[in-house]
Structure formats: C-alpha cells, structure tokens
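Below, subunit A partners subunit B and then partners subunit C, in two separate complexes.
Moving on to the complex of A and B:
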C-alpha cells in the first residue's frame, strides 16, 4: 500500500491536534498503514490538503477542501472512539 | 499549575455567564488580564469547546496566551447544565455541568492540561466523584488528582 498523508488540524495546531495525531498514528500502525501526518491550524488546512488522503479535525474547516474531512472529537471524549478509528482506516484503504 | 477559582453549585443561565464569573474571579486575583473574559467568549463563538463525554458535558473554554499573567485554571460546577457549542460541530449544543477554564501560556502546558483533562473525562469514576462533590475539599481532592499538585 502506498504511503498516505493525513492532515490533522485544530484551532491552534498545538493541543487537541497533538492528541488526535497520536491516535491516528496508533490506529494506522495497528492496521499496517504507512502514514505521514501533518499537524496544523484549521486555517492552514487548505495549504496542506492537496496530496493528502484525509483531513481529521477537532474544529470546523472553513475553507472547502477536496478530500474527506472527519471530525475527531471522539478521540477526546472517548465516545465512539473505535468507530472513529475504523472510519479513518476505511478512508485510507486503497 | 494553580487553581485560581473554584465555584461549586454555581447558578448560571448561560455559557457566557459562567465564563464571565470565572474570568472576573481570575482577573481579580491577578491571574489574567481584564480582557480575558471577552476573549474567551469570542473564541467560544468561533471555536466552541463543549465536549459531550459519556458521564457529563464538559467545557474547556480558553483564549490566546497574551491574556494570561499567571498560568492557572478556573473550575465551576453548575447546579443546572448550560449549553456550550460542541467542539468541531458548532451547530450542536452540549449541556455542560463541569467547566474548566484554562489560562495557560505555553503550548507544552496547554497540551499537558489537555491530556490530563481527556484522561479525566473518560474516567467515569473520577468524573462522578467531581459531579457529586458537595464541598470544596471533596472537589479539590479530585482536581488535585487530575492536575497534579496545585502550587
């Protein structure tokens, strides 16, 4: 499988996106998916999205992007976390 | 980390009212600049922080570090939940009973507080202990457990 790129975004690109990036990396490792994770602010998503397979975010992304966007707050609350990991993995499979 | 304000059984009818109350307490005690409350309310409108955890609605309102003089948190437990916008989904509203207002300057401190809060809100036992805390000592015991020792 090709190496995938995932953009992980939050308001500041510092706090919640770090927690989410770790969860995405862990889920991909379990599934044997090679992934590059780019962590950024929500306002920078449009710059990083081209070439990515997926955007995973804890805030709304105001600018339209051409790749799927998945809301990741389940990684913060723990509610629906497995389902969320599964959706991310599905979106990254060829 | 310091605990700047601890409000138990706070009566409030909106998220803005809770934010104002905590921000005023934190400003009076010199932890934040006077504009902090307005900045938090504005940020909440753009990027809401309500988290619908399994055991309770929790919000973690905060603002830019420029308003922070001494890193601290303000905590409020509400008698009746108020609605905060849901993080990542501003059209949804979360009934929130526990509010952790974060006044933190550096990104390392922000991430550390967030990690501690995430562990806490996924831990039904500690969450229930804080929800049921009747007095300051009981609430403080849980908050110390969450954030480590307060200075």
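Moving on to the complex of A and C:
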C-alpha cells in the first residue's frame, strides 16, 4: 500500500497540531494505514499540500488547497473524537 | 526541609520530569507513560537552554556593538515566548501552577462564576510567568502563587465574555479562548474600537488581507525573518561580511529551532493534559460549558495573519522610535498573531483597526517589557538558564509585554 501524506496544521505548527498529529498517527496505526505526517503552520499549508492526501487543521486555512481539509478541533475538545478519526480514515482509504 | 531544597537544587531539567511524573500518576496514567512524558519535558528543557545560549551568545554582542556605534539603546534581547514559557514552568510557581490553575477553574465552575472549562494546560505557563515575576520582585512565593491564581481567574472571565463573538467569527461552536496573552489585549481593544467608531472617515477604512499576505509573506516565515534580521543587525553592528552572514544563519537557526524544542515540552505535557481533561469532563458531565482552548486555533484566520504581517516591521520601527524602549524585538516577532487574534473578532475582522489597536498595544508593551527586563533576566537565571554574566538583559513580548502580567506585578508590590 502506498504511503499517504497528511498535513496537520494549526496557528503555530507547534501547539495544537502536536496533539492532532499524535491522534492522526494513532488512528492510522490502528487501521494499518502507512502515513507520513507533516506538521506545519496554517500559512504553510499551501506549500505542503501538493502531493498530500489530506489536510487536517485546527484553525482556518485561508489559502485554497486542492486536497480535502478536515477541521480537527474535536481532537482538542474531546467532543466527537471517534467520528473525526473515522472521517480521517475514510478520506485516506479511497 | 532539606528534601525540598534537594529537589529544587536539581534544576528544572530534572525537577520538571519528576513533577510531571508525579502528576501523571495522580491523574491515573501508567507509570511507563508518565515517566516517558516527564523525560520528554526534561529533554525539551535542555534543548531550549541550548537555543537560548545560541541566541544570547551571538545576538547579545551584536546588540552591544550596535549600541556602541549608533547609541540606539536596544540592549534587552527579546528571547521569545518559547523561552519565557520554559522559564515560567521552571520557576517555583511553575512547579505548582497546574494544580493551582485547575483548582481555580474547578472552584469557579462549582460556584458558577465561569462557564469555561479550560483544558489547555500548556498555557497555564502564562499564569506561572506572572507568578515567577511577582516572586522575583517581592521575594514571596505565596504572593507569586496568589498572582498566578488571580491571573487564571481573570483570564477565565475574559474567555467567558469573548466566547460568543469568537465562536461566530472563527466558526468554533462551544469554544472559548482562555489564553493568557491573547485575552489580555481584550480590555484594551474594546474601548479603542469604540473610540474608532466615533471618528468619521477613519471608521470606514479597511485593508485587503489577500494583498497583504502576498506582499509581506516573508515576515510570516520565522526562518527567513531570522536570517534577514541577523544580517541587518550584523551590518548595524559593523561586523565583517563573514561575521554578518554567520550571524544571519545563526539567527535563522534560533527562529527555527526554538519552537521545535518547545514542541517537546508540549509532547511531554500532552498525556497529563489529556488525563486532566477526561477527569474534568467526567466531573462536570451534563453541564453546558465552553471548552477553553489554545488561541492557536484562531491565529490561522486571514485577518489575524494579515494584521501580524503588518505589525512585524511596525514593531521593529516602534522599537527604535519609542522613547524609553530598550527591547530589541526578535524571538516574539513570530508571536504577534497571538497578540492580535482576539482583537480581530472585536473589530469584526477589520485589519486596519486591528493594526491600529495592535500598534497601541505594542508601543505600551515595549515599555512594559523593558521595565520587567531585570526581573525577567533574574527569573531566567533562577531557572538555571545560562545567561552570560555582564551580557545584555533578556525580556520578551510574550509575556514580558503582557499588560495583565504587568498590572498584576504592580499590584503585588502593594503587599510587600
């Protein structure tokens, strides 16, 4: 199976994206999906998005990108975490 | 108590892992996970120390040379929030800030004086920072802890009051932002915005965010910003071409590496923070409340980014022309989005207004961070960071220029 690339972004590329990156990695490990996670700032998404399968962000992505963007605030609040993991896995499977 | 003294003498890189380990166990983490979390924090702390060394060691002499050549008195180095956060967590107040902050939140939730459940434990460092400065200023640990608690309470109230506009503006239902730095500018922004509303012509001005991002994008890239500033300072300091280029690359390194080190602190804190979140959520099941998050979820908005891009060169200019300022802005030029991200919803995304308000906040902030420089430096030394003797003092914008921190610091002096 191909290695998929996921871009995880937040305002700083340090704070909340670290939490989300861990969650995405964990969900993918469980499903046996091989992923390469790039953690960055929201402003850098445009640079990293080409070649990626998915963008997962905790903040607004202002620049238009060609790949699906999933808002991952749920991983921070703990509300709807499983639903969020499921959507991310689905987006990566096809 | 020799035991306590022994633990304090271990220094932050050993003491913090111990504290996190104990806290992890208290929140029901497995010993292995808690231990790993603790060690990760210790490693992050050592890493931050190395980068601060690089910053003060190379930028310090350049700043001094510049002062000698031009008489521009910018000899207080802005080490940036990553260093300030490390200093805060390494302080005596930092050692207890997580339980204290949680307790304040619990009590306020139980007495229904707040609607915010703050699960952003990482940003408790802002409260610890206030506490650390107060302790340095008064010599009293209890005053520092009290200041941290009051700071936490005020931030919760500010988060409550701003929750609705923030939820609408950023599209984040159920969220509030109890962020120690961002929320502190709300009390400044509200009256200033009301004032602008009364000025004809000015109240109708707005700016185009897309154009700003296109033209000023370089100010949003910390590494390139570091390189440019390093080279500019080298030239101002009268360095040779070789030395100037070396300073440029060193400063690019500082800007890139500092946040990477802080990421380790975040990673280490994460298991504890998740366990605390689960505990709080269970405790308050069925209650309607806002979940308090890091304002990092808001800084990606075009209005915040555009404002911050404009404010980077403006901050540098203000640093030179504001009389009495001694802060050389550097590390926290990348932090400006956090200063403005809670101003943006108040001015409804009008970038012109948030730039105006941001300029006022930064002008005042430069003077505040200058005035706390000696305390900031003392706190860094107390945290066993290597500040070369006789070198320039250090300070920061986050949170050395934080108006709430400054006000609490002045109030605490009354109890001396």
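Here is the rule we use: the second predicted complex is superposed on the first by the 94 of 94 C-alpha atoms of A that agree within 3 Å, B and C clash if a C-alpha of one lies under 4 Å from a C-alpha of the other, contacts with A are read in each partner's own complex, and residues count from 1 in each chain.
Keep this in mind: contacts are C-beta pairs under 8 Å (C-beta built on N, C-alpha and C of every residue); 3 or more make two chains touch, one makes a residue touch a chain.
Bear in mind that the values here come from a model prediction, so they are computed numbers and not experimental data.
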Checklist line | Partners on subunit A (subunit B, subunit C) - clash or fit | finding: clash
Margin query: I'd like to know which partner A:43 touches here: subunit B for first, subunit C for second, both or neither.
Written below: second
Next item on the list: With both structures superposed, pick whichever of subunit B and subunit C touches the larger number of subunit A residues.
Entry: C
Check: Just subunit B (first), just subunit C (second), both, or neither: which does A:68 touch?
Finding: neither
Check: After superposition on the shared chain, which partner residues are touched by A:9: those of subunit B (first), subunit C (second), both, or neither?
Finding: second
Note to self: Touch test for A:58: subunit B only (first), subunit C only (second), both, or neither?
What the structure shows: both
Margin query: Can you give me the overlap between the subunit B contact set and the subunit C contact set on subunit A?
Written below: 11-12, 14-16, 18-19, 42, 57-60, 73, 76-79
Note to self: Taking the touch rule as given, give the residues of subunit C at its contact with subunit A in the complex, in rising order.
What the structure shows: 119, 122, 170-172, 174-175, 209, 213, 217, 220, 259-260, 262-263, 266-267, 270, 277-278, 281, 291, 293-302, 304-305, 337-338, 341
Item checked: Residues of subunit A that touch subunit C when the two form their complex -> 9-19, 22, 41-43, 57-62, 73, 76-79
Check: Where on subunit B is subunit A touching in the complex?
Finding: 43, 47, 51-54, 86-90, 107, 110-111, 114-115, 118, 121-122
Note to self: Can you tell me which positions in subunit A touch subunit B when the two form their complex?
What the structure shows: 11-12, 14-16, 18-19, 42, 57-60, 71-73, 76-79
